[in-house]
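So, here's a batch of structures to check.
One chain, subunit A, appears in both complexes that follow, with subunit B as partner in the first and subunit C in the second.
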Partner chain A sequence: MVETAPLWSVLVLPVVLAALALGAASLDAVLAARTAGRAPVRAAMAEPLREVARLLVQQRRTTLAPDAVLWRLGGASVLVAAVLAAMVIPLGRHAVSDLAVGVVWFNAMEVIVWAALWLAGWGANSAYPLIGGYRFLAQALAYELPHMIALITAALGAGSLRVGQLVAAQADLWFVVWMPAAFAVYLVSALAMSFWEPFDQPVQEDVAGGVTAELAGADRLVFVAGRYLLLTTAAAFAVPLFLGGGHGPLLPPWLWSLVKTAAVLGVLVWSRRRLPTIRMDRFEEVAWVVLLPLALVQLLAAALVVLVR
Partner chain B sequence: MDLTTVLLRQLRPRPLVVAGPGATRSRLAVERALRAWGWAPAATPAGADLLVVCKPVGPVMAAVAERLWRQVPNPRARVDVGGEPDTVAAALRAAHARLRDAAGQRADALERRHAPVQLDGQGHGQPDGHGQPDGHGHAHGGPGQDHGMGHGMGHGMGHGMGHEMGHGMGVVAGLPTARRAADRDGLMLDRLHVPLGPVLPDWPGGLVLRASLQGDVVQEAEVEVLDLAGAEHARSGGEGEVAFWDEPWLRALAGAPVTAGDAARRRAAAQLDSLGRLLGVAGWADAALAARRLRDDLLAGEAAAGVAGRFERLARRLRRSRTLRWLTRGLGILPPRDAAADGIGGPVLRAGGDWDVTSRWLRWLDEVGASLEVLGGAAADRRLDPGDETDGPRGPLAPGGPPSAALLRALPGLVVGAELSAARLIVASLDPDPDELAGAHAASVAHG
Partner chain C sequence: MLATVVSWVLGAAAVAAGAGVFRVDSMARATFLLLGSFLAVGGELLVLGLDYLGVLVVLMMTMEMVIMAVFMIMYMMNPAGLTPMSMVHNRRGSLVIAVGTFAALAAGILVAPWPPAAGRPPPDPTVALGEALMGSKMLVMIVLGVALFATMVATVVLATHRGRYDRYGDRLDRPRPDDPVPGGVWR
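Moving on, here comes the complex of A and B:
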């Protein structure tokens, strides 16, 4: 039921993503205002836009002997990777491109973030960003394999790597029902790949903001916006993977896609407030001893269901 | 009206707060105002547009602030604030107005452009072997050689490493490249010298922990508190005050009438402040914010009944958090025998459990709860007995040195071998108070 949209949809995609990301940022600001005891809490909704204004007028800066090309390239790549990955995500019946290898495309684009964070951390020629950069590599080592297996599980259920086929296969029953563990693993890895709390070690305050420590002005804006877009993309891809895509009663498919995406995004944003930062020296073991076997067992179970069905 | 002016009007400042030894009262007033207005603090000068320097400022911290100020990108404003809540709010508002003044900001930006080139923000990690001849040179170099580093940690780079300088190393942009040394597993790895502090988020202001890192494992560490002499000097000039968190006990020792309730209130607030820092370092901003709100309400004089319920909710949430226990377990183990040998008292010595970071934050929760009970109880108006009740937030305030001096003695041994994030948690779980070292304690006790 998913088809490739006309070319102009390339222009619509970033707008939709940005709107969702802005909503996520507003929700986050509102939740923070509530904890801080600031009233009215509603006033916090405009915070993200004010921050954008602040960063737009702020001057960029440099450090002593940076690797400027890699530094800027790394900072911008997060945003680019997020938008490129989102190209295969259908909004209702239409995706910018319903590639035959859509799931692989998403995975490939999202792996660009590995390079992006490392380059952005390395390029500044400064200790804290460097530490942030290699913290992300350790994190990637923990989440990437369980993440890929979760993606494969969904693809296996549909017998296709085409995202449109995944959605079509969930017309009767959403994958989340018979692949709950894969869904859970996907959500955890979505948080980790967008280095969102509680997996924010690469940009954590304990190393003065890590990769972001030396960023100012437009550079910081591009990086921070990229992180929000990445979180949005990761949340949006959960919908065709596990939550039935545009399927649902009454509402049109595109609206179902948006509602489901907003719901997943809301949960991811909210989760930030519930947990302290999970350090990789502790989590690495959990990822390899618990998450990876769990994802494999889920894959096996899904394979048996497909065989028997 | 041009676009810059329009955008500047919308600007909500991001302050970088600099508070050295002796500036706790000002810091608390600033943090309270920032929280009330929703001005999220910045972690580095790059992320800031407003530099808030808490008074009193000693000469070394003043130099640190100056170096940070050079690294704040335009538009920018700087404000030095004292401890009175009213004046703090007014000063911050005035700085906000300067920040929004497009003409003034343009003039500042032009002036900076015509000034000699300043390449700053560098030197978070001075590579091994980069020795300053003067070791702890606080004022090295002019513009262009400001290796002053993002967070005002430019002091004494390359301490003790000067002898290695310049022997067949690569040099990039005037800085030597990293030297290698054997790590704990016998591998030859690059070694970076990263001074933590004196200005970092959730860090005791003015404390510098000079760490040698390989990967992110701390191989060597030494601690220093900046500006002790400066703070003492300020005091002799009459503007000084005793260490804020120890004030009730020190006043009681000096013979002033202090109630048990006031002491309990101060102790609870101090330990909530420490708890807020630990939670901040642990990356749990939400819980840290809740702890700081309680701290501010207590200091503003709210009755125990108004705080106790909210504190219980926070304490329950933290005690139930298996994740937080798991993340802080086994870090910085300090058995009571070793603690006593270093002269440590207070919650660290009473921690119990596994004597690790987890035990210490659990102990804070217990002690804050107990303090709130005293505050709400019938005995709150009783006069504090200075001969018997000397137990401040960090330990007994008796002759023999301030509690934080003992904590600092134990600190280097605890962080060596720890990963950087663990090292920061260990520092936060001891939370030494630079104010205590600034001479006030010793002087007051002697007087008492």
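Moving on, here comes the complex of A and C:
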């Protein structure tokens, strides 16, 4: 039911993603204002736009002997990878490109963030960003395998790596119903891959902002926007993977896609405010001892369902 | 026509990035130029219509080169590999080996009597690849998988300096393991 949209959709995709990301940023600002007891909460909604304006006029920072090429490349790659990964996500009946190997494409683009964060940390030639970059790699080694198994579970349920087939296979029953563990693992890894709380050790205050420590002005804007886009993309991909894509009663498919994406995004942003930071060395153990076996058992269960169905 | 142009551009990019590895003076740049070269090769596979293999090369090589960057920098002779350093050693010997290998491979491509293409490419190369690997070769793949996994476990066991006696005491009767990193699962 999903087909490749005409070429101009390439221009629409970043706009839709940016709008969703801006919504997430607004929600985050509102939640922060409410927690802090700051009034009025409504003023907080425009907070992200004010921050964008502030960063645009702020001067960029340079450090002593940075590797400028790698530094900028790393900062920009987060944003580029997020948009490229979103290429295979259908909005209702249309995706920018419904690749035959869409699930693997998403995975490959999202792994580019590994390189991006390490480069952004390394390039500044400064200790704290470097620590942040290495922290993300340690975290990545923890979340990536359970994440991949969760992706495979959904692909197994549809018998295809094509995102359109995944959506079609969920016409009657969403995958989340018989793959709840894979969905949970996916949500955890979505937060971890976009280094949001509770997985924000790479950019945490205890290392002066980690990877972001030396970023200012436009560089910081690109990086922070990339991080929001990455979270948005990760949330949006949960919809065709586990939540039936555009399937739903009454509303048109594209609206269902948007509603579901906004819901997942809202849950992720809300949970970031409720959960304390997990150190990546502790998460490492949790990921390998709990999440990975859980994901594998879920894969086995899904495989049995596919066999007897 | 377009495919031919893209294929040549990607090929040139792969070679140029590969050569760049030995021109730069930083371990980080060398690693990521090598990654750039691999990504161009992944692009070549996409041009050939092998979507799965192409995207897989991008996925695997990105992860692999980032992990490799960590190890290469860890084992540098200067602290953390942060200061500029030459990426070449044994210039003459390696030049001879590199040029010789390239010439031999290129000659092989030009001289070999390639058979004419028989049959047509399958409608879905990913399925064909999966059946080729997992069909008649299933037993080989299973044995390989177990062998690789056993190797990994054995390497980790040999490399770690702490065993269960360090964690649970000489009589293995400590209720909580004594670990350098506190916290985690079941602690």
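As a working rule, the second predicted complex is superposed on the first by the 309 of 309 C-alpha atoms of A that agree within 3 Å, B and C clash if a C-alpha of one lies under 4 Å from a C-alpha of the other, contacts with A are read in each partner's own complex, and residues count from 1 in each chain.
Methods note: contacts are C-beta pairs under 8 Å (C-beta built on N, C-alpha and C of every residue); 3 or more make two chains touch, one makes a residue touch a chain.
The model shown is predicted, which means the values in this text are computed figures rather than measured ones.
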Touching partner for A:R282 - first (subunit B), second (subunit C), both, neither: both
Partner chain in contact with A:A53 - subunit B first, subunit C second, else both or neither: first
Partner chain(s) touched by A:L13 [first = subunit B, second = subunit C, both, neither]: neither
Contacts of A:V104 with subunit B and subunit C, given as first, second, both or neither: second
Touched partner set for A:A208, first subunit B, second subunit C, both or neither: first
Contacts of A:L84 with subunit B and subunit C, given as first, second, both or neither: neither
Partner chain(s) touched by A:N125 [first = subunit B, second = subunit C, both, neither]: both
Touched partner set for A:R38, first subunit B, second subunit C, both or neither: first
First, second, both or neither for A:Y134, with subunit B first and subunit C second: both
Superposition-derived comparison: subunit B or subunit C, residues of subunit A touched: B
Shared contact residues on subunit A - subunit B and subunit C: 125, 134, 279, 281-282
Subunit B residues within the subunit A interface of the complex: 4, 7-8, 10-12, 14, 35-38, 43-44, 46-47, 49, 71, 73-75, 109, 119-125, 147, 149-151, 172-173, 175, 192, 194, 200-202, 213, 215-216, 279-287, 289-290, 293, 321, 323-324, 326-327, 419-422, 424
Complex contacts: residues of subunit A adjacent to subunit C: 67, 69-70, 73, 99-101, 104-105, 107-108, 111-112, 114-115, 118-119, 122-123, 125, 134, 137, 141, 144, 161, 279, 281-282, 285-286, 289-290
Subunit C to subunit A touching residues, read off their complex: 26, 28-29, 32, 35, 51-52, 55-56, 58-59, 62-63, 65-67, 69-70, 82, 124, 126, 181, 183-185
Residues on subunit A engaged by subunit B in the complex (per definition of touch): 31-33, 35-38, 44, 47, 49-51, 53-54, 56-65, 125-128, 130-131, 134-135, 197-198, 200-201, 204-209, 212-217, 220, 272-279, 281-282
